[in-house]
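Heads up, the thing below is written out as structure tokens.
Labels for the chains are A, B, C and D, by order of writing; each one numbers its residues from 1.
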Amino acid sequence: MSASHSAILLISCPDQKGLVSAVTRFIFEQGGNILQLDQHVDAEASAFFMRVEWDLAGFVLEREAIGTAFDLTIARRFGMAWSLHFSDDVPRMALFVSKQSHCLYDILGRVQSGEWKVQIPLMISNHDTLRPVAESFGIPFHVFKITPDNKAEQEAAQIALLKQHKVDLVVLARYMQIVTGALISEFHNRVINIHHSFLPAFAGAKPYHAAYARGVKLIGATSHYVTEELDAGPIIAQDVLAVNHRDSVADLVRKGQDVEKLVLAEAVWSHLNNRVLVYNNKTVVF
Amino acid sequence: MSASHSAILLISCPDQKGLVSAVTRFIFEQGGNILQLDQHVDAEASAFFMRVEWDLAGFVLEREAIGTAFDLTIARRFGMAWSLHFSDDVPRMALFVSKQSHCLYDILGRVQSGEWKVQIPLMISNHDTLRPVAESFGIPFHVFKITPDNKAEQEAAQIALLKQHKVDLVVLARYMQIVTGALISEFHNRVINIHHSFLPAFAGAKPYHAAYARGVKLIGATSHYVTEELDAGPIIAQDVLAVNHRDSVADLVRKGQDVEKLVLAEAVWSHLNNRVLVYNNKTVVF
Amino acid sequence: MSASHSAILLISCPDQKGLVSAVTRFIFEQGGNILQLDQHVDAEASAFFMRVEWDLAGFVLEREAIGTAFDLTIARRFGMAWSLHFSDDVPRMALFVSKQSHCLYDILGRVQSGEWKVQIPLMISNHDTLRPVAESFGIPFHVFKITPDNKAEQEAAQIALLKQHKVDLVVLARYMQIVTGALISEFHNRVINIHHSFLPAFAGAKPYHAAYARGVKLIGATSHYVTEELDAGPIIAQDVLAVNHRDSVADLVRKGQDVEKLVLAEAVWSHLNNRVLVYNNKTVVF
Amino acid sequence: MSASHSAILLISCPDQKGLVSAVTRFIFEQGGNILQLDQHVDAEASAFFMRVEWDLAGFVLEREAIGTAFDLTIARRFGMAWSLHFSDDVPRMALFVSKQSHCLYDILGRVQSGEWKVQIPLMISNHDTLRPVAESFGIPFHVFKITPDNKAEQEAAQIALLKQHKVDLVVLARYMQIVTGALISEFHNRVINIHHSFLPAFAGAKPYHAAYARGVKLIGATSHYVTEELDAGPIIAQDVLAVNHRDSVADLVRKGQDVEKLVLAEAVWSHLNNRVLVYNNKTVVF
């Protein structure tokens, strides 16, 4: 639970003594009351991760000064990588879709009802199919038809559009195109995909057909940050549901949509709430 | 739920009209009351599967005559493969183990408490480690040390022992050896293994290490009939549980044991109750 | 899985010998190929339930004649209650809502995408809040403000409207009013509600507050047919999700919405596909 | 994950600024490296909870001095309730059983295999039924036949025996007697029970019969600290599994045993690892 105005620090660094003490003392001395603190030590990698959120009411430092003060007094000393966020920031999220609408409706419903505090300045698709949905929610809809010949060019245009709209996060809500390195590196650890299988099982195309052929008793979905290697990025959330011999491929597709939309929503929620840290192609989700 | 004395028919054949009608009429005309009927049509494979269980109270045909009568009047006409079972049969099950005891205790507890009606005439292992457990439950324990050189010979001796004890079902309860074609073909679709991952993800050795390295958010277990191809046999049961960044490999191993033992128990229970049919390297579990 | 044109019979009667045989023989003799058959015997209640679906391709009897023929030749003989449905029927469903939109968006998304084959001729609410959602989906929206004084009168008007639109099924998609006996008896076992707890725990108002106060580690949702006794009707579907000490009441409300919408969707899907039979205030869901 | 030798502090107090800073500074200044830190603020109750575990390697203070030093320098200042534990302590656990063995085998298997580091100096029962199990595991087994007349007296004798064996934790592993206030107050928040329903649904006797009668689609189990009010103590762990119309009461009992044993094991594990704090009849499980 967040206070109406709170600050969030995400920190990672080599593990060493005194880390939590130093960070919490910094917050305390400036008059901050900690609302939530999570830390994790990966003993094998000797790595330290922390998320701390504190109430800004009564905090002495001005928002603009917090980062500099923290960097100078704490972060440099311990060799920390860090980022600072505020709970009342409203991130800007772009949605990429193709023809299927289940993840899209799920996300738009959450935004419209106020469950998620987020701006959606634009949607991007390679098809015109979902334009009416975008329009009924009042969201500008841009179609970029992708062919092998124009892919690089179209993606460059997409990136320009995303930057023009100051997009913070790109969500591939069943976007059936592979995005390439240009977009991925521009939005490093800020492109979230939903894959319709329990990765690493059934990576690539047609996972429900593959699951049916193998006769698995569970199907799943995996939401991950997109990296250059297909379906191999850091996993943020996964879930499964039970199926059986009665389920045809069409049944798997239908049932799987419910897992897909919930898993994607969980991953995006964690990201929007600044709960995710990435290292070694894995995630810490606080 | 079974009556105290019931008969169970498992049937598979090409799909065609009149199958359920013919089978149920046969049972009805002999005075049988159907307790449970399950059927499945795989439209793609044009294959029909059925399990029907009926109360033997008031059934006119004697047990010994049922199979012959069914074969002559129904099965041949439709080209059915079938097997007949009785709920008061007590199957004979051999347990293969190595050093880990969690699946073993789980199974022995179920047998000892009467939850499962099954005889365990023997246990087989490649190590002496679990002999005290076997002895405290009064089960003969046979050690076959396996080396690359003696593997074929030792397995031949195991098969002889299994046949001598009239074993119906072989359960690999975390037996860390690969069993070979001789045993598999002798006990076709009657060797059940538990693999400690959500297959087809992480087949082969050290699946928890692989799951940790990949950073998955769920770990799983898969119980399947053993076939010549490693970890690729027909899946009977699967389940998963949630894990997170806090879990070391040792935690995954510990937590995974609970899924392993429940998934193996579910698969063995289904087999013991004559609920499993195999086709196309998949299972129908009624 | 349904064929494009299939017939479905739902049957219940006292258990007796020959039931499945008689029904399947009827279908076979008219040239029907059974796609799916489920039966259930409640041994304690000595009651028999069956759902059978067959392909109408090649079926000799005309649709209009099936019910009469079945009734005369089979149903009367065995004292069966039965209903006949066709997979290409498109049911007409009314949605009742209040202010919360999560179940509504979920249902509308399923209808719009073609996942559900159903008509929604109207929505009814006691508030104007969700009118824009209805309008963006092109569904007529009727507001009936309810006060203790006008409740009977307003519900009579609602019933008239539902009958005028030939509504088959009423779905209370987080409609925060208690519907009364008049509507319930007019739509017997055709009013589906979603209650935001794992019934019978936390019946009545504010279940998430009650769950928080009790400190449960799971929260749930229950979809049931509405009966005169509040939150006590036959349960069609239930599910839960894990929560912990970190979750405030607001968190429970937010997380619970996902379970609510999926459980309601599962219940409505089962009803729309003619999979639910009711007896003894319980359901058989085939 | 614990280091081989670590210290654990459990703390609760009114929420105020500087708590985490003070505690972590104390650990840091004595040379401790924090392995895991969890804190929770209940904003409504204005209460603070913390669990911190640090490596004792390099820690300057001797074990015996830690508590006093912490109390004098930190705890008194903030009005903290606290307890100090060491990861290499081996708790002493008594098991109370009646006639059912599934939880018992599950626990004994975990202890025997080394999964749990715990001593079981004795078992107590009101029946002789499970004596052979106790004996095969080498655990002294004491029978206290309970009648309405001798209940107080027998429980006094049980308490004496528990104290004589220096028991830290009492686990009611399907002990079908209600324990009374004398034992509960002697072992405050140290008596763990498993109830075979999803509490608060179906408290009291015969929960599976009640679940069957209500027609629920999930059955559950709840592990909680025992308090004077029956089945109303602080919940530590809960889980459920799906059931359907096919399941008789006997099936619910059989299937429920798997949930019972896993939920009880999870609760005991959390307690043994000093992860549970109790307040307002609820638990914080870190």
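As a convention for this text, a residue touches a chain if its C-beta (ideal position, glycine included) is under 8 Å from a C-beta of that chain, and two chains touch if they have at least 3 such contacts.
Here the structure is a predicted model, which means the values were calculated and not measured.
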Comparison of A-B and B-C (more C-beta pairs in contact): A-B
Chain whose Cα centroid lies at the greatest distance from that of chain A: B
Classification of the chain A:chain D interface as same or different, half of numbers criterion: same
Centroid distance [mean C-alpha coordinates] between chain B and chain A, Å: 41
Separation of mean Cα positions, chain C and chain B [Å, integer]: 37
Of all residues in chain C, the ones touching two or more other chains: 1, 36, 40, 43, 246, 248
Residue numbers on chain D that touch chain A, as the complex places them: 1, 15-21, 24-25, 27-28, 31-41, 43
Complex contacts: residues of chain C adjacent to chain D: 40, 42-44, 49, 198-202, 214-218, 220, 234-240, 244-246, 248, 280-285
List of chain D residues in touch with chain B within their complex: 1, 36, 100-102, 105-106, 108-110, 112-113, 115, 133, 136-137, 246, 248, 250-251, 254, 257-258, 262, 265
